[in-house]
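Both complexes below contain chain A, partnered by chain B and then by chain C.
So, the complex of A and B:
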């Protein structure tokens, strides 16, 4: 049973593979879901690179696969629209039906969203963990 | 007693984060707080035994003052560090993610990640 009333929020500032920040965040977030907590993740700055679809690291923990597992288990993953646009992830404007900005390069598991999404996340979270640096 | 959890993911000597956090942990303990340092990823290198730098000194002091230091066993072994090479008093755990989640969601009053 998911304890939706108690959610862990994670903010990721670093991209995958250059450091372990994304791996560690994903490991903790997935464990929290397995333990029945809600999980909300916000990707910011270079952290938005974790949303890239088709990641195929040869020897490292696959961050893209981890985010997909987290979303399947009920995790809510958003990434900053301004950070995503700056890094070339956007193909179009806001899609009202799917509540996300349009991107063919981003994982389905991640919704590109306004920074206000992070404010909502803070409001609802019991605890916030930050990973990496801008 | 207030409880603070500190999460260190960075190695010692590659920046100031690990050194600062290990350093303030003993002060927080002396100030009457319950303090736990979690070492995960490259952060486990802070637990290496007999380090002569600031981080080694801070970890030894923190342990002597009653700070709980918990390190990921898998991350230590991945870096070639067996139990005998870890500072005495550091707890090596299998499921560090579960320990962190339980602590930050159920017990901690403050959480600092670095």
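So, the complex of A and C:
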């Protein structure tokens, strides 16, 4: 019998570095991937700032690097287009080929997407963890 | 069909949390999911009737309208009785269609219903 892959969905609602939410989420997501989980992450509200490219924290855990590692390991990372547009991340409209809104400021690992991206994650998830939203 | 419970505890206009939760509720309903919105703590103000042009005056959408939209789409919206009492709010001050439940009833719902809880 083929064992069904467990699906973890994480929502990040606070920005990186102001709190440890993004750091903790990224560590859990990486661990879950290593354990064989399917991992999806949605950046929502100020959580979209975790997608900023070129993050260089002096002493803190680098959230941008962690998101890139997560994507390389097969994690699916999306961020809210409405929240991203409000915070200045968008350069253009939706790019059908790459299934994301165009942004020169966002990491390649993160696809800027509609909120339905999160709803689809909820539909598929066995477990949902939220970070920074309460 | 999956049932999602969106639990709100922040006031409607001081933070982005309430809007974020209401958008998730609306988007889930439009994707044919069952949705229950729980209003606890300062979030009970989210469902107050008679909000005066928040879009024009403070550039924020009226949460009253968003709650009405969720109810119209078939969502269930529940306010916690205790949170209303301590704030001096009566059920007549809330949007029609809101259910007012005791804390125990809400805890039973959280433990027995819903596939996932997303809290804001």
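As a convention for this text, the second predicted complex is superposed on the first by the 128 of 134 C-alpha atoms of A that agree within 3 Å, B and C clash if a C-alpha of one lies under 4 Å from a C-alpha of the other, contacts with A are read in each partner's own complex, and residues count from 1 in each chain.
The rule is short, and it goes like this: a residue touches a chain if its C-beta (ideal position, glycine included) is under 8 Å from a C-beta of that chain, and two chains touch if they have at least 3 such contacts.
No experiment lies behind these values; they were computed from the predicted model shown.
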**Combined model on chain A where chain B meets chain C, clash or fit** = fit
**Prompt:** Between chain B (first) and chain C (second), which, if any, makes contact with A:116: first, second, both or neither?
**Reply:** second
**Request:** Figure out whether A:32 sits in contact with chain B (first) or chain C (second), or with both, or with neither.
**Result:** first
**Prompt:** Once both structures sit on top of one another, what is the angle chain B-chain A-chain C taken between CA centres, to the nearest 10 degrees?
**Reply:** 70
**Message:** Under the stated touch criterion, which partner chain does A:90 make contact with: chain B (first), chain C (second), both, or neither?
**Reply:** neither
**Request:** Answer with first, second, both or neither: which of chain B and chain C does A:24 touch in the superposed model?
**Result:** first
**Request:** Examine A:44 and indicate which partner it touches, taking first as chain B and second as chain C; both and neither are also allowed.
**Result:** second
**Prompt:** Touch check for A:131: first (chain B), second (chain C), both, or neither?
**Reply:** first
**Asked** After lining up the shared chain so the two structures overlap, which partner does A:13 touch, if you call chain B first and chain C second: first, second, both or neither?
**Response** second
**Prompt:** Once both structures are aligned on chain A, how many angstrom separate the closest C-alpha atoms of chain B and chain C?
**Reply:** 7
**Asked** Which chain A residues come up in both lists, the one for chain B and the one for chain C?
**Response** 128, 130
**Message:** For the complex, give me every residue of chain A touching chain B.
**Reply:** 6, 8, 20-21, 23-24, 27-28, 30-32, 35, 37, 126-131
**Request:** Over in the complex, which chain B residues touch chain A? Could you list them?
**Result:** 7, 9, 40-42, 95, 97-98, 100-102, 104-105, 108, 111, 113
**Item:** Residues on chain A engaged by chain C in the complex (per definition of touch)
**Value:** 11, 13, 44-46, 82, 115-116, 118-120, 122-123, 125, 128, 130, 133-134
**Message:** Show me the residue ranges of chain C that touch chain A in the complex, using the header's touch definition.
**Reply:** 2, 4, 9, 16-17, 20, 23-24, 27-28, 31, 33, 116-120
